[in-house]
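Look at the two complexes coming up: chain A is in both, with chain B in one and chain C in the other.
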Partner chain A sequence: MNVPLLHVADLTIGYRTRDGMVRPVVRDVSLTIARGERLGIVGESGCGKSTLALALLGYLRPGGLVLGGVVRFDGLDLLRLAPPALQRLRGGRIALVPQNAGQSLTPSMPVGAQVAEVLAVHRGLGPASARARAVELLAGVRLPAPQLLARRYPHELSGGQQQRVAIAMALASEPELLVLDEPTTGLDVTTQAHVLDLLDDIGERTGAAMVYVSHDLGVIARASDRLAVMYAGEIVEGGSTRDLFAEQRHPYTRGLLTSALRLDRPVLPQAMPGQPPAPGFHGSGCAFAPRCAFADPICVAAPPALEVIGGDRLVRCHHWRRAATAETIELDPRPRHTRVNGAAPLIELHDVSVTYARRGTVAFLRRALGNPDPPPTVQAITLTLRRGATLALVGESGSGKSTIARAIAGLQPLHSGGLRLGGANLALPVQRRPVDMRRRVQLVFQNPDASLNPRHTVGEILERPQRLFFGLTRAECRTRSIALLEQMRLGAHYLDRFPGQLSGGEKQRVAIARAFAAEPEIILCDEVVSALDVSVQAAVLNLLAELQAERGVSYLFISHDLAVVRAIADQVAVLYQGRLCEIGSVAQVYTPPFHPYTASLLAAAPILTPGRRARAFDRDETPGGPPARGCPFYHRCPRRIEPACAVEDPPWRMVDEHHAIRCHLSLDQLAEPVAATPLSIALGETR
Partner chain B sequence: MDATIIARYTTDGSSLREVWRTFRHSTAALLGAIILVLHLVVALAAPLLAPHSPTAINPELALAAPSWEHPFGNDRFGRDLLSRVLPGGRIALAISLAGAALSVVLGGFVGVMFGYLGGLADEAAMRIVDALISIPGLLLLLVIVTGLGSGYAVILLAMVLSYAPGVARVARAAAHEFVPRDFITAARARGESPLTVVMRELWPNVLDVLLVEFAMRASWIALAVSGLSFLGFGVNPPTPDWGLMIAENRSMLALAPWGVVFPILAIGSLVVALNLVADGIARALGLDRSR
Partner chain C sequence: MLNLITQRVVLSLVTLLIVSVIIFVSTEVLPGDVATAILGREASPARLAALREQLGLDRPAFDRYLEWLGGALRGEFGMSLARRNTAVGQLIAERLRNTVLLSAVAAATGLPLSLALGVIAGLLRDRVPDVLISTIALIGMSLPEFVIGSVLILTFGVLWALLPAVTVVPPDAPLDVLLPNLVLPAVTLIIVMVAYILRMVRSSLIEALASDYVQMATLKGLSRPRVVLLHALPNALLPTINAVALTVAWLIGGVVVVETVFNFPGIGRLMVTAVEDRDLPLVQALGLLGAALYIAINLGADLLTLWLSPRLRARLLQM
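== the complex of A and B ==
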């Protein structure tokens, strides 16, 4: 064991709030990171992860104050270093890959020039050699055609490419420590797998130490050697990632892991109750006590100390012995996936196409000049959603999932095809739909912050659909709203609150309550849990499942998260670039034969088992728009057949009556095991 | 006003007490508010406060310097300047408040509506707004006043025509922040009419911006009305008015500067106070315009 590269001791950081008080958001954190080591920092949002990550660069957000402790990097005291020396160090020996790369790149400068700037500042290269080295770095993060790409502006790149540019910039100075703040959040699973592969590779090549900050347990399991779990600004458990995932000592870590949705288990996990305290607002005892099953008066009275419990294992809990030996919370054994084929069809899409292409004069002129219309964004979608069932649409961003939901909601006109709701024609824009038809189709959105009007109270939000669809009086609405809130596990006192006063999970419950206030037959759920913390995800999904069982409502469930889909859906349709690739029941889609795209999605999905790496299975390419003919997945398919896949539309191959795959490969070929991916292993566990 | 109502109009749902605390913490904003309240009280109570008649002529006191009896001095007709300055802002203040309110309501509505509708209608409306904005303000005022005569209603109309287009632009930009949000999509999916979406969903969200606009426009209109009076298109003599007083007394500037100085201080303090209040509100509501 060599001398640690980074040493953090008793670090406490606070923010000054509007009322002039200082609230500590990182408390008594001590860490060491050796050269070449990969440390993961995990916890729910608002637990101080990002503040801590930035402090590792000697940086505090505006309003931040160091209340105590040191951050020592190779002997240098970062929190007391003179600004010029600190600037040389940052982006030099210590580099940051920020969360949102798209926003961290300068929009008005070509990406090559941005990388070259780092080289000029930190490595003192001249303009020509900096440019040449920048291209090498862009090639090093496996960006296609780096010469050309260096001259592009950030907005001309995809999210995954922007993230790679940010990584190339961070690597430009050959840092000894790389801090990655949610490096893959917001990326597609396949892109995430490619980026994580790349980072592994870089770690091995350069020997840089890495700090991964993430709320995503799958990413952490895969990318870190050691792990620190944060709760309310404190480290509550630490140790090697492998040990921590195998056995959790702290009830919080255990709660996080049991509430996580798992790709290898088709069940809804138990949600951890409660939510973390607002940053800086923790009681005098253990901050986790209000949510803890093991809490007793000792926990409320005295804060537990961080104990070393053997090796490098640390835990901050009075009752870790009891917690560690307690039985694992039983997974909810709710029988699912039984409603697939019996019930009557509710929503039927027949050969639906949607296009965002311009209409009118411009399109007419283009056509007159001999330019064909671009292929529709969404094409030839035929789906049936049955009463009381859940149909999931799965795919990466840009796969047309939300477009289909918008078409069903009447917000996007159909280009061609038929759309029916319980037999009646639904292919009408929303203004032309009868009131009752609008009532029967409701929406819930991804981002809980944007889906509720910040100036309306919860009561007003719930009242509107009731008045509109049922003409109830204000008093009647109130009674019904209270009943609805109680069903959402929110009390009547929420009626007078504003969305700004609610947590993300509470907002999403209100959005769900608003949808149910209309007594709909189908709810279009567009990524409803992807903006929520792990523990809240499980709670919201459980709620949706309960409401479905009670009311027989159908869900069109849009998600990019295969673990979530596996837990909630009955049927799955896999989409790529607006075309269907595979459709079947959950059990069928998650077992061979796979469409190659389904296989690459499954292979790339992170698994909560350290050491078993999710791996990119598809080709690392970014295609343009959907092709006019041939298979849309052609560019990225590792199993493509030349030239058939490029020029001929693939045929539908029927596995059985309910499971179909659209591919040129035969069913026998598709059923061949996908070698060397954890997919087969993960799936093997469940069979 | 209870805390719930104010929470509606702050970006982070903070209570009335927090808004007031932030506002009060700014010395400048507090000073502005005090001066503004003084102006309003004086304008309302001027007849009670004035020691003399504002129009009584006294040739013996023509151009008399400030004294205990006449603290602001007298003009060339011997009229008591204090008694003229006190009610001298009534018309400017009334037109500025009414004009700003109308500009904000009309401009705000048009801006939010077209910001929501978008497309060709929005393009067309915004080009008209651009055309109105591109006419120099004073020129537009003079054209309207010359064309329609110089009643207070005409001045008010002129002010609204000059300042509402700017408000429309600001309101449209503010609405654009909310139009793409999902709560608007949810309203459209419920089948709400554009008018309902604008009034129920968008309007409460842009009200904070419009409140700041109101204070800013009020200060500009107060200045513009005084300017018109100065040029002889506004308030008619012998009604006391600051702009008019500056025009009447400027030829005596060397002999009796008090005839000009006190009206200028009055206008200046009103405009500065309105601006300080506008900034203070913006900051307290989390809409810091300097950032």
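== the complex of A and C ==
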């Protein structure tokens, strides 16, 4: 088969900005996809990958303009096709799995009807047979009770279910090409592993070609045969996924892989310097030159061309020969706190429970009607965070991580239990805490867009805590703010900027600077790097580690990302539905014996090795709330013991003084591998 | 679900009860009572006292409130002070027909018109029809009703004399006599109402059209009409239901200005007269009626939103 299914040639797409200029965000992109092939497109936010993905369906976002090039699907020129013909193709022969299924499903329409609609339009099915086929499709993407589920509205489904509905919708018309725009971003690791499994299966079953667009190298490594790396709107490197992961020719690809956090390597990776240019803004030469270690005057003067360097390998770099042969810097594992268990306790949680159950009349009525209160959202949490150490809380969404942080911050009252800060009672709402106590506990949130006031300059943002806690004058604040910004690797010129003028990484640095401006003893870091790009993530984590070494501050580090936690934390607490499953040092938690939940999280995490599959060996649907008794993980556990796990609270099994697992299985049972998971192989290699 | 509806209805009744207290108390607190209103300010204290006793005004306020409320529940509001031999209920009944007719005509024409114009403007955002519609709507919104009314009177009542400039027929005139008098007031109301609603419809349609789910519907290969009618509009209209309800409530309760301008014999006109005449029983009755209508329409809008929005329904049912 010589004619490719999809052929993109020299495609350039721009957006018209408010000042009337046209900014190209996709530049000179050429691609081919053969029938049944899986192509990955990887790049960071703003690199133009989503614009490119939508162009593969002949679609431009409002304000978008084709500045040149063609997109040919089976001989049809998608960018110049008449609307009726385009409508027949879209959702028919080419289908999209959107980035955020929750927002991409129409809220006012039952999900079954949304799938049936595709069948009615593209397959000409009547209402009854379309509905019946829609239910079959929902069953095909392994949704439970599809008949019932078809009548539900999108908001009634979990994130993973919504994504499956979107996949069923895309598959409805048996497309020849599936475009997947970040299909698993925002899903929990186990759900992600399930969805990727499902997509593999679909690829084999239907023979559809797939284009995976993602920022996640682990997902791409697993889900693609060939790979294109995008930077600032251009493809900078291309080739087979296996080759690309084995050996990178372009300095950017190389930096991306070096700065990625890896589950199998417990080190803080080296960060790539700088940050990508804003979409559509790049100099005349190589867009990567400002961040590149190999850059010289040629790179600034002339843009490199995309060169074929043997086989299907492509690279856009003047110096790829030098870059490819340069030595990789081997990183030393970050020195762990050996004294962690000896240092004085800073934050102590003793048997803490938190409930969101409503109080007042409703609760009273409910109780009067004989309905017991729902079990607390977070229960029986006993943790100690020591001075100068990092304790990570890890778990899926809904595991109670943020609730615990909110309780420590005084934003959520304790239902029962004790909370102490350096021996003093901290179980007070934030309004009733003495000023100095408030100063000692600071917060950094996941999304700096929401936590930084967009109408305040960086200077004003940093001034607030200093005036409040230290009563400094404006001039004194300014001097200290500049010093702070310099520590964050941001210059004094940032003082007068507004958050809207900063990139994601810069904003998060400002949020960290604001926390440090109060000279706290503990910072609650709630998913602080989750919204950041890979290359920026490493830089922010390195910064946090440095600041900790300098100032002896403690972190409560909340993350769903096991690789991030492994790199930064000293101690780890694994949470499921607001209950502790396992607690210990990083080295202990990431090696057997595992709690079954820890084991399944580790197995499901994507691995940066092409062809190796992360495996999901438990069910990924979490029940609505924690059970009143028994093990919370009972429903999903592959190793549950009937009936003990359902009715009896599991005991704490002590591996040693510092490592404990809460499970009915004995330590010997927990130590034996359930299956030869890819992870245990990967871990075996590096240990 | 039924629980939720009952809860809403009970809440509305409680609101109405509170409103009735406020109305009663405020007419009570006003300087001068019914006796002074009847006898005039120069009346001797002895005659005032006698009349008060005769009217039962010397009894405790709480007793009189209960009595008034009881009467109101039976639809009896007592006798008008300004027109001695007419029951308040009868005065209102006559004019209520006229106002309801006026409002119904305005709503029945204005609602579809504003939806249609709002959808056109939203779909053709920033193109000529949208700019035209939006500009005219803005003018309609910024001009007070009495200016619009006066311009209409001047144009169609005086210059061209197509329609009666002001109403001179009695409140209980037969429909065919009343109808020509209804056109200009209705047009005035429609202009103001359409301006409000169409702007609301336009902006929420634009928001819905920019949503991910509309993009997804387009990329499913659905035709434009299907995307707009089935995916964008149902979600866009939800936030407008309450705006529509408020406008309709305004139509019934707040047509005072328009009715006064056109001397149209409706509730609004009656209200103005009642206040001028210090006809307290009539003012109280009209106040309660207005509040009841207002609350009923808002309740209807809430229930409609609840019915149309599965997401909102789920959120409320959880509570």
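Structure notes:
Please note the rule applied: the second predicted complex is superposed on the first by the 676 of 687 C-alpha atoms of A that agree within 3 Å, B and C clash if a C-alpha of one lies under 4 Å from a C-alpha of the other, contacts with A are read in each partner's own complex, and residues count from 1 in each chain.
Note that a contact is a pair of C-beta atoms (placed from the backbone, for glycine too) under 8 Å apart; a residue touches a chain by one contact, two chains touch by 3 or more.
This is a predicted model, so every value here is computed, not measured.
Shared-chain residue A:G91: touches chain C; no touch with chain B. In the superposition on chain A, contact is made by A:M169 with chain C only, not with chain B.
With both structures placed on the common chain, the touch criterion links A:P107 to chain C but leaves chain B unconnected.
Of the two partner chains, chain C is the only one that A:P62 touches; chain B does not reach it. Of the two partner chains, chain C is the only one that A:Y153 touches; chain B does not reach it. By the touch criterion stated above, A:D312 is placed in contact with neither chain B nor chain C. Once the two complexes are overlaid on the shared chain, A:F445 sits against chain B while remaining clear of chain C.
The intersection of chain A residues touching chain B with those touching chain C, taken from the two complexes, is empty.
Against chain A, the residues of chain B that register as touching in their complex are 4, 7-9, 11-14, 18, 21-22, 181-183, 185-186, 188-192, 200-201, 204-205, 207. By the touch criterion given at the top, residues 54, 57, 59, 61-62, 83, 86-92, 95-96, 98, 100, 103-109, 117-118, 121-122, 153, 155-156, 166, 169, 358, 362 of chain A touch chain C in their complex.
Residue ranges of chain C in contact with chain A, taken from their complex: 210-213, 215-224, 226, 230-231, 234-235, 238, 308-311, 314, 319. Those residues of chain A that touch chain B in the complex are listed here as 18-19, 409-411, 430-431, 433, 435, 438, 441-443, 445-447, 450-457, 464-465, 468, 496, 498-501, 514, 518.
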